[in-house]
Each structure stands twice: as C-alpha cells, then as structure tokens.
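After this come two complexes, each holding chain A, first together with chain B and then together with chain C.
The block that comes next holds the complex of A and B.
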C-alpha cells in the first residue's frame, strides 16, 4: 500500500505492454479542433427543421388538437401528432426489455393525456427553425387540467390522482389488480430481521429524500431523419445506443428493422440519458409526411430538462443495527423511487446496491416503482444507487459515531468480500471492497488533519463507499489488417469517455502493436453486428473483449500465413509480442508489420471478427474522502479536498479511468450541494436553464485526487471492471457525512444547499 | 439439482419455502419444473416464451441477458430478480 502522496495513483499489480499506458486518444485531434461531427452539425440538401409542441401542464386530458393554422403557415411542410403513428403491436423490445408500445409512443407524442410539463404533443417540420417555432405557436390544444402529483410518497397515497388508468400494482409477477401509481413492489429478504435487530446494541433509523436531477450533458438531444423514397429510414443522432435507435424507430413506426439505419454521431455526454429515444421516430414521421425530406430536430436546453429523462427523486427509510463491537447485524430499506410519467424507475438497481458493500446476515429491502407527473426518468450513471447510498452510508456513519469506531474501520469490519451473499441473492465473486477501503485508510488525505478553513467556516470530513454491479451484454468487432501493419478496428459502441482508445488498446496488446497503429471507427447499424448500449459500465469490458477476441482471430490467421510463407506446420509457429516466429527454427521470424506487407501477395485478406456476450462483468467499488467548509452565516458549503478511490480491475487507459472518477466527483458534488429540478406548485420547472440549474464549475471545485485500485476481475482477459458508475454512487453521502462532521447536523435531504443548511441551523437554535 | 431462491413475494406459492432444489439444464426447464411442483409459478414469471418485462434472472450471480435460455448447472444458484429498471433489463 502506498504511503507517499501523489495526486493520481495507480496501485497496479500487473503490467502489460500497451494496456495500462496513456496514449493520446484517436479522436482527440478532431475534437480539440472542432472538426468532429456532432448531430447538430449535420446538414443535407433540402433539410427541414423540426420543432416540438410541449405541454404547459403537469397533468391534463387532451380534449382536442387543431393543427390547421400551423399547416397553413407558409414554409410548413408537415405537422404530426400521435394520430400519425401507424397501428402496431402491444409490446416491443428495443434491447432494453419489453415495453408496452402505447406508453413508449405516448412519451414520444402524447395521446389522450399529458403526464408532465414538457410532454411532447405535436411536431412541425418547416423550411426554417423560425417558421417551425412560429407554427408550433399556432397549434391549438384544448386541455382539461387534472390534479398532479410530484413525489413518490404523494403518488403512493390512497387518494393520489391516478396518472395511468390502466396501471395496476405488480408484485413480482402478480397483478394485484389495485389501480394505483405504484407500478411495482418487490422485496428482498435474507435471514431473520427481527432476530438481527434484537441482537443489536445500537439501532439507527432515518428517512432521506432526494430530488430529481439531470445528467447535465452539454450537448442537447438532436436527430436528423430521412424517410427515403425507397422506404428506408436513415437516422443520425446523438445516442448511447445506435441499435436501440434502430429498434425504437422500427417498432414505433411499424417498419422492418432492416429498413432502418442508425448512425451514431459524436456525442457530447450522455451519462445514461441518451439511451432512451425521443425525437428519432418523430423526425422520421415528419420526414415521410413532408415528402421524404430530411428533418432535423435539435432540442433547446429547456426541452432537454423538461422533455427528456432525468433521474429519480426518491424517499428512502433505512434502519440498521450493530453490536457494540461493531458488527452490523440487521438492515432494512424501504426504497420509493419516482419513475416519472411511465413505469421504470431504477429502484431495482437501488435495491441491489443499497447494502451490497456490507456483510449483513439479516436484511429486508422493499422497493417501489412509482409514477408521478414528471418526465419519464432515464438512466443516470449507476441509476438508483446514489439515492440508496445517500441514505445507507449516512446511517453507517451514524453507527460509527454511536459506537465510537473510525468510520472506515467500521466499514472494513463489515466489508463485503468474496463468498458473501448479497441481500438480493447472488454471492459476491472476487471483489475489491476491502482493497478500496484499505487504500482510503492508507491515503495521505485520511491521515492528514482536516484541511484548514479558507473563509473562517466550520470544517469537517466525511467518507463513504459505493457499489455498482456492472454488466456485460453483447458487442461486435471487426478488424482488417492494412499492408503497413496497422489495423482498422470497426465497432458499434458510441465513444463517450475515450472508449475508442481503451478498445483499441485491447487489440494492440494482442497483436503486439502500438495503440497508435490501431485505427478505431464507430460505425452505423448496417456496418457492424449488434452491439448493446454504451452504458452499464460495459463498453471497455465487453466491446474491449470483442476487440481482444477479434485480434485473437487475426493472430491465428497471421500465424497460419507465416507458416504458409515459410512452408512449415502452423503448429510450429507462434506470435509473441508482435513477432511471429518458429518455435524450432530461430532463423524464421518476422514482425507483424513485415507479415502485413506480404498479405496481398500470399493469399486472402486477413480479417478478424468477434461477437461476444460475456458474463463475469465484475462489480466495482469506489470510496470517497471529502473535506468541506461550511459558512455558518450563509450556509454555503465549499469542498476543500476530495479523494476518490476506485477498483478498476485493470485500468486499460488510466487517464480515462481517472476522468471517470473525477467526473463522478464533480457530478456528485453538484448533486449533493446544488442540483435539483426546482418545481412550482403546479409542476413547472422554474430553473430549466444552466444559468439556474446550478452545476459545479471549476471555480467550485478543488483538484480531485484519485487512487486506482486494481483487483483483477477474473472474468476478463486483462482483469477489467467497468468504471463509469461506481464512483457516482456515494460522493453525495460522503459530502453529507462531512457536513455533519462540520456542523453536527445530519442532513437528510438533497440538495444540501445554503437554504437547507440555514434552515437546519435555525431549527436547531429554535429547538 | 440447481438451487432456486424463491423471491419473498412469491413464497405464497411455495408454502413459505425460501429455496427449492429443482432439476433443469436451462432456466426455462427450471421454471417448467417449478410449475409442476408449485402451480402458478410459471404465470408469475413468464409472459409467453420469455420472462416478464419486470423480472430478470441471475444464474450463479450473473444476470442473464438471454433470460430463460440461460444454461443452469447441477450446482447452480438461480435467483429471480426485479428487472433493473422496470422492464429495462439492459441499463446504463
């Protein structure tokens, strides 16, 4: 364990030639020069511009829509509403699991009801964005405004207004028949909870609330769609999953999947929010209705906030008990997550993660998926887990205080490790929870005094740890070998965080070439086999694995070709670190580059391919140490020092792992201290701009130290664990714990902004 | 035989049994066998030829993207779990 302070440490156990190095990203030049093509850059001859009419009400019945004035406006080429969708089947699977089509299409263009302010109702295509905007204003909608509900507890109330008349509560496959806003209730149970609490010397029970927050990607959603005269549809959009786009457009418009081609443009951030599809089918509908002209829709920032999926607000009650020696003997959680307008909150993931950093024998977890009059939620890095960790990690912190045990030590005493059963059932395989906690404990930050106040405020330190399970799923990769010894690597994973580089490095390592000698390309759905989303922390793990296997395919062919050239048995030839050589004759050897130069003269082209659907994704843990200063006069909290520790299994490109960790710290700080959808009483988001939706800037942040722990994942050729999500799970809790340490007050609602701090302070004085 | 962990909200079908040893080399065969012993199980878990949209399955701790087609070993553990995001098994 390192003890010397360095801002960015990699605690590595195994070294490779390419893997673990820091080459310059392949797409860097295009991106820093502004030449990279994003969706909003797309243009085409005859391009029309689309705009969307959105609901001003949080909940209303649509009595009628009159589009005649808009259609009559000069320059308007098409107007569509939900009535323009063709008949289709009841449910469909877009690679995201089955969904009822009426709900999916209802979120694209509302049917007989609008369920949130910002809900799309109609769309216009016109010769200019200004005409389209004017036409939107000419569409007349007659609403019957209905009472609305905005939080999970309110939505669960017996007298709550019902959003979806056909929704009845499901209880693990059983239809209760109860009409309700509770779409789903499930329970995980392990051991004997009552017996566990009876054995506890200290029991803490608290309830916590989190608000709706947005992923805050810089690039708004955009799409250009052309429904061509040959009935093929080509969609260009900013997406985390081109195959999701293809399937969604196909299903929404009832056209064969082979008729849809989805091209992923460069993406300016997604964080899970660009998995769901919004404008793609609508733009295609407009294109067809406008006479097979390309139609481009670029959302405004307000539309992104109000019309796309943020993550869930939540209400969580946690109860935990421990013996005086520090053994956690019982834990229960009641998780109520807002799904937004249609079922599908990440409460399942919240339940998987809430206690998974710990070894607890007696656990009950109840989860509720609740529809409310807000935008349909979408994924946001480790969806659901931060809501759960904000609650559980504060209760663990409080247990440590009551027991007078160091908070990292208490976590270590109860840490999950290989062989421990999670409350949701599965047994942990090899994991790095202990190693992450050890690295936190050994870090210079933890052994140093709390960073001195800069503005005379109260200072405090907090820690927390978070778990994310990670996923594998399908990926495809093709490699062609060029005569100069470079390779073209063709893949289908949108590159959000440097995955071109990390995937290319997998192939380079196998073939013994440099990362720069790999030319990675992200291509459209006609040009690569099915590849699941860039999400779930799966891309470097699974698409990297596909690149590894495709490179192995190339390697086999290269060895065979060398044997053919030399006239020897292929079994007597091997390839080691980029050199092809005879196992028996030292005179027979050549580099990969030398062989590549002979490919065309010695036989067929060498093309490697791989399609994988790997298990063994390997969970990741990340922990934080945070120092804060709280101004007692204003309630403002400044983060003075922040250290992020994460188990990456093996950091293929450490800089991009550190980027994930630092980015998660920044998002966690914003989520903890400022960010929220600030709603008026009638469901209008009052801060639907980046001016008022307060995300952190560099002026709000300290340098963020990182420690990459490498507990190799036995399920991956290089030991990779996904890194995109675990670090966002618990920064909010660590900051809340630091604020408690500074002020003595346990903050149970996010965001912990100046108002919350001051109200807690005044309340304490009053009481 | 594989050990199937019965979700607590389905234990009304198993008379409170939390685990059941069940024969089968795939999740589909496991469910069919469960249905034989505990009628109603299949209806709760499956919709036609696939798992219901809000349910997923983990075999030996690995959530299966291929649902009922997942292979099950003689000593496997099978867990039926809520889908990660209410009908969205594959998630960010």
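The block that comes next holds the complex of A and C.
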C-alpha cells in the first residue's frame, strides 16, 4: 500500500544482493561516447554500397525488368533480381515456425507480382551509395497495374481482388480449397455463449478499427554481407535474432548453415520489427555477383516505412455481458487482422490475449488472418494484443459505467487468477492480475482528483489492463573465470535495452560477485550455442536463466577446486554469497576472488556452460491510469498524467524495467492519438517520413510514473517475468476511456487525433 | 552529379581537420564516411529525428541537413568530443546513472543537444528541457529518464563550478 507518492515505486517482497539493484550498464561507456558500433557503422576495405528498387504500385504484375542500363553505369558492380535466387526447399523454419520459401523470397525480391507499394524488386551494388541510387533509377520495369485492397474487411469481401493465387483458406485447421485473401479462420470456444448472454443484465456490443502503425525504431535496417572466396558468407547486421539471420540466409541461398556467420551489431531499436529479415540474403547475393566484395545496404526512412513490416490494422467486434452485480458472464470477439502481403498477422496472439485478464465462463473468439496490399506485417511489441485490448477494454469500461461500478473494481471482481482457464486453452498459473489492479487502486494517482486542465479543455480519466503471455525458447551462455576474480560471460541475445546488464546480474548473484565483476559480450553465431530471438519478452527470462545455469556450473567447479586445494571431500565444501567454505572446518574458507587467483596453478581452467529451453515463461499484466485534456476547439488531446503499473515477477534491474514500461506507455500514446499509415486511395503511404508519421516528442508528454509489482514467477530461479510487451497492450484503451470520460464520446477508431475528435463532436451536434 | 571533390578545412572537436568531399555529401556523410566518426547517426536523413545532431559554431544542427562543404572554417562538435581526459562529462555520467538510454541510437544526438542547452542555460526547467529536446526522437525510453538525467546533469555541473 502506498502512503506517500513517489514517481517510481518497486513493490518488492524478496531482496537479493545484486538482483534488484541498479548498476551502470556494461555497454554504457561505448554508448555515451559514440564508440558503440551499430550496423550502419560497420565498414570494410573495398566496401560496395547497395540500393533497392521498390514498387511504386500497391498491386501489379511485373511483365518485364530490364537492368541493362543500370549494369552499364560506371561504378555499378552487380544487379540482382528474384531470378538470381537459387532453387530452395519448399518450406523452411528460421526458428519462428515453418514458412513457404517462395513467399519468403517473394518478399525479399518480388517475382512475377508486386503486392504492396515499397515491395523490393531489384538491388544494385556500386562503389558509392549515390551511384547505386542513380543505377536504381535506370532499371526499367513494365507493370500491369492490378486492383488493390487495403483493409481486412475489404480483403474478405467475395469480390475482393486476390493477392496470392495459390492461397486457399484454412478454416478450423482444414484446407477449404477456397481461393481468397483469408489465409486462416480459427475459433476458440469455452462454455455456452448463448446461455451466458441470457444470464446477463447488461450487454454491450461494439466494433473497433485500428490502423497500420510502425514500430518506429530510430535506426533503419542495415546489413553488410561478404560472400567470401571460400564460399563462407559473413553477415553483419542490426537484428533481433542473429540465428534467424543465419538460418534465413542459409535457406534463401541454399547454402549449408555452417557456411553462414551472422554477427549481430549493436541495434538501434527493434520492438519486434527487426526479427524479420530483409536485406541480408540480398546483400549476400550482390556480394557474390560483384566478385566476393563486401556489400552494405542501409535503408532510408521511407524504405523502413514502406518496405518493412509495420503491425496490423484491424477490425474487431466485441460483445460482453454482465449481471447487475457485476459478474461478466459472456464474451465474444471477432478479430480480423491485416497480415499485409503474405499470411501471418498476429491474430493468433490477439485471440490468446483478448479476454485473458478476466475469468469468464462462456467465450467464443473468432480470428481471421487476411492478406492485403500493404507491407508484410512484422511483430510490434505484444503483437495483436493492443488491437484486441483497444476493443475489449473499452467494452469493459462501458459495462462498468452501465453497472455504475468503479472500473478498477469491476476488473477486480472479474480478474483472472491462478486456476482460471483462458478461452484458448491454457489454465493460468500464478499470475499478478489482481496485484496489478490492487496497486492501481492504491496509487496516489487514482485517489487524487483528475489533473486540472492546462489549456481550459475538458479533462477525463481512464484505466485499462493488458495481458501478455511471454515466451521461453532456447538460449546459450558460456562463462570463463579470470584469475582476478572477474568473469567473462558470452551470450547470443542482441541487447536492445540493457539486457547485457540484467543477464550479467543473474550470474553475479550466483557467484556472489558484483555486476561490475561480470564482463558480458554478445557474440556471433560461430561463437555461441543457438539462441532464439530477442523478442517475446524472453531475453532476461531465458538468456538470464542460461547465465544463472552457467554460473551454477562455474560454482560446482569452484567448489571442487577448493576441495582439491584443501584436500577434502567436495561434498564437505559449499559456496555461499561468494565465499567458499568447509561445512565442518571453519578454518577452511576463501573468497571466489582468492580461489580465482589460484586456478592457473592448481589445475584446468574453469569454464561454465549452459544451454536452456525453459518452459514457464510466466505471463505479465500491466495496467494504466491516464488523465487527459481534450481541447473542444481543436480536438487535440494532451496526456496530463500517466501511471503505468506492471507485474515484473522480479525486476532484475529496475531502471530498465521502468524504461520498458515508460517506453511502452509513450508508444501507446503515439498509437492512441496520432500514429497511422496515411494511405492515398491507390495505396501510397502519404506520410512515409518522421515529419508526417509523427511520433511523440518530449514536448508531447508528462513524466511517466511507474509501479513495479513483483509476483514471483514460479518458473524462474529469481521469479522473472518478461516485461517488454505487456505494458503496450492497453495504454491505447486507457486513453480512449479517458477521452470518453472527458467528452462523453466513445471513440472506436485509432488514432484518436484532432480530426476524429472534431468529427465526433460535429456528428453529435447535427444528430 | 558527383562533381569534383572539394577541399575543406574545419575544426572538429577542437582539432584542425582537413578533408575532401563531394559537393553533394552532407556533413553527416562526411563525418561518418570520410572522417570515420560514426557517433552521429542517420535515422531519417531529412532533419526530423535528431540522431545526427552536432554542434556547429555553438548552435545545434541536424548534420544531415548541412553540406560537408559548409563546414569550411566552422567549429564542429560531435559526441566523440564530449568526454575529456578527466573522464566522462557530467551529462554522459547522468545518462548512464539514470538509465536514460535503451538501444542508444538516439543517445549521441541527445547528449550533444543537452550539453549545448546546459552551456547556454545552466538551470533549465523541465518544460524548457522538453522544448529544447523536442527535435530529438527517442522511441525506447518515453523520454522520462532522459529529462531526469538532464536535470541531474545541470545540478552536477552547477556543483562542479560552485
């Protein structure tokens, strides 16, 4: 319970020596001096520069491509098109599930059709980026422009233009043989929906729409590839998964995986968008064709917007019913998510999350994965869940209003807890949904009056809660002990937000040393065991666990070495908080550092290793309290106060947990109020720059207050739950609820920008 | 068109520097590709993200919007010039202690911009800091810890000169 207000609180109930402290990150000095090497900073002797030709049309057949003029330009060393890909297997799995290779290659370089504006068609390598750009302009493509479709409901229409001629709809796990843009329709069902609604005193049904939005990382995608004279390919890029890069280059170019080495450079943000691979195989092809010269491709900002995966726009219908006492008795969802040009929207995750913060007996969830003429979507933090929560959390808010029950109270009355079944099957283990809601209710923000208006507008408060399941997956870690008592720790998880520190802290805690006595490094795919993506909020959980296990391996060897030095039975020796001691003879003890100094003289080096694939990732919940001011004259909404509460299980490095919560809050604010791909009628993104795709700046925001709740995850040695995704699930809904509270109007489409507010206001006046 | 390369004499982080650049190359390209100082980053190449912010004759500029030839006779300060032989600058130290960076790609621009503010105005308000830094985009942090770090750095610098 909070009695005094602090902007950042950590509600811990278990403390450790290193875990839970706030050391300076190990890569800190490099990152504040400009020394850290990001992908675009890599250079090599004889470097060539690549540029990509992209489709000006949303949907067109490619009748011919003539690259001869580009090839003839002085300084051009290679030009590639889809014809340069070798034959490959039909399907391949890069660590994220199997996918048809013709579609994967088709997104790298289009074959006979372009499916979205910005679709890559050809690439050039030249001695300078300017020459490469000139050469791109000399490639002649003859298009037959085709009708295009841009939203899920339009894509599902019977008369919709078909994107992929070989796509037939999968329905309830079976191939219908029906050609359409609906790649998949599935359903989760629990209880008896009709019976549930029959028992309800209040039923709310509404439809909601969200637009395509981009992750908006500041660093554009980049790659340098060298196809060496020994036919080994070395790829340097900013990626969320070096092993995904390795696998995708190997599969796309039909070379053995052992021939590819992927070096993950420092990465300038990803949020899910740098899991998918774009330029890596193309740069490798160019390298080979240019005579084994290194080729670097760095995307422009417009290419990032138009040629890489944003997240899905969506159309969602939610119906929920509750008794007059406030028990939610029935809920249904119809989720239609845009996949972009190829199947694979996050509708599955949306369906897993839509009602998972609640205990509802009667549920039906329908999900549709729909291809449309937009870039193939990629993950964006808790992909799919914000689309679902924007809808469901507004309906819950409306139920609370109709029932005249406090919105946090209604959520608490229906909150999911251990033993409750989710509609998609799993039964919740120990989770912190109730604890997050309790912390919201207890927070100074919730008991304070709504923040006064700064500009004379209407003010309102909204709340919402979001669920994300988190993932585990494989990670590897090696530790070597230095004779000064420090350790070198190597791992394979790209560090996007301080994970070197949180991973190193796992090992430090085990060995009783400080965080600073660990020297962590992220290394390439030749140098560490397989490690899955930095994504799914898994890195601190799973790679941290690998570090914990590798440190345990070191600890076992340290105990054995001390026993050898002392000439005693290893079973009689233990290591506690960094001190190795005999359980029976108090005279026999030494610190880890003292033992480290004797390693070289007393036997073999001490090297710890671990490879893990942990289950029990432990879901996370995050809730928001938001105060807004809406200017009735302009429709502009300002966020006046924002509090983010999240269950982190155990915050290894609380500053970086808060950072995840604050960053997600602000991405959520941008998504709620301003961000969208603004399309012309023919499918051109009219705002493909940071000027017009306007993300929040310092000036648009208040401080973002945080409360870290710690409900230990029983599936992790320190209780960690992943934290990167849950906090972006419901800020959009909390803001919409606050706007409703301020204006009396329920805004059902994102973004809720000035135009939307004013149109709603005018519509209310005329009706 | 590329045109003939131009000889440019400038001052870079306090040192006299000469370089050859194409007339069409931006100062950002020159810093990164010619002088090999890759601390300034390209996020948008059209002056909207601030990742390439450098100090030019006491003013902060987006180096992607300045031509390399315009550096003739100017004094340019980049992130590489912020630390001194005595160690990190208070603004760098404050960014680290406040965890004011996650991925770090925007950090060089924020550091150059923040340092310029604190040199002009030693004790800025939160609103002033937010106004000054509005030309620098950060997508990771939500800016909260950045603003707190700048406030803290102002205090450290005042303490150092008191």
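FYI, the second predicted complex is superposed on the first by the 766 of 767 C-alpha atoms of A that agree within 3 Å, B and C clash if a C-alpha of one lies under 4 Å from a C-alpha of the other, contacts with A are read in each partner's own complex, and residues count from 1 in each chain.
Keep this in mind: a contact is a pair of C-beta atoms (placed from the backbone, for glycine too) under 8 Å apart; a residue touches a chain by one contact, two chains touch by 3 or more.
These numbers come from a predicted model, not from an experiment.
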Original post:
Should A:548 be classified as contacting the first partner (chain B), the second (chain C), both, or neither?
Top reply: neither
**OP:** Classify the contacts of A:677 with the two partner chains as first (chain B alone), second (chain C alone), both, or neither.
**Re:** neither
**OP:** For A:271, decide between first (touching chain B), second (touching chain C), both and neither.
**Re:** both
**OP:** Using the touch definition from the top, say if A:471 reaches chain B (first), chain C (second), both or neither.
**Re:** first
Original post:
Thinking of the overlay built on chain A, is A:701 touched by chain B (first), by chain C (second), by both, or by neither?
Top reply: second
Original post:
Which chain A residues contact chain B in one complex and chain C in the other?
Top reply: 270-271
**OP:** Enumerate the contact residues on chain C facing chain A in the complex.
**Re:** 2, 22, 24, 32-33, 36-46, 48-49, 51, 78-80, 82-83, 88, 92, 95-99, 101-108, 111, 129-131, 133-148
Subject >> For the chain B and chain A complex, residues of the former touching the latter >> reply: 5, 7-10, 18, 43-45, 47, 50, 52-55, 58, 60-63, 65-66, 77, 79-92
Subject >> chain A residues within the chain C interface of the complex >> reply: 22, 24-25, 27-29, 31-38, 40-41, 43, 128, 130-131, 215-220, 266-271, 298, 300-301, 496-498, 653, 655-656, 658-659, 662-667, 689-691, 695, 697-699, 701, 703-704
Original post:
In their shared complex, at which residues does chain A touch chain B?
Top reply: 91, 95-99, 170-174, 183-189, 240, 270-272, 275, 339, 343-349, 351-352, 367, 369, 378-381, 383-384, 424-429, 469, 471-474, 532-533, 535-536, 613, 615-617, 725
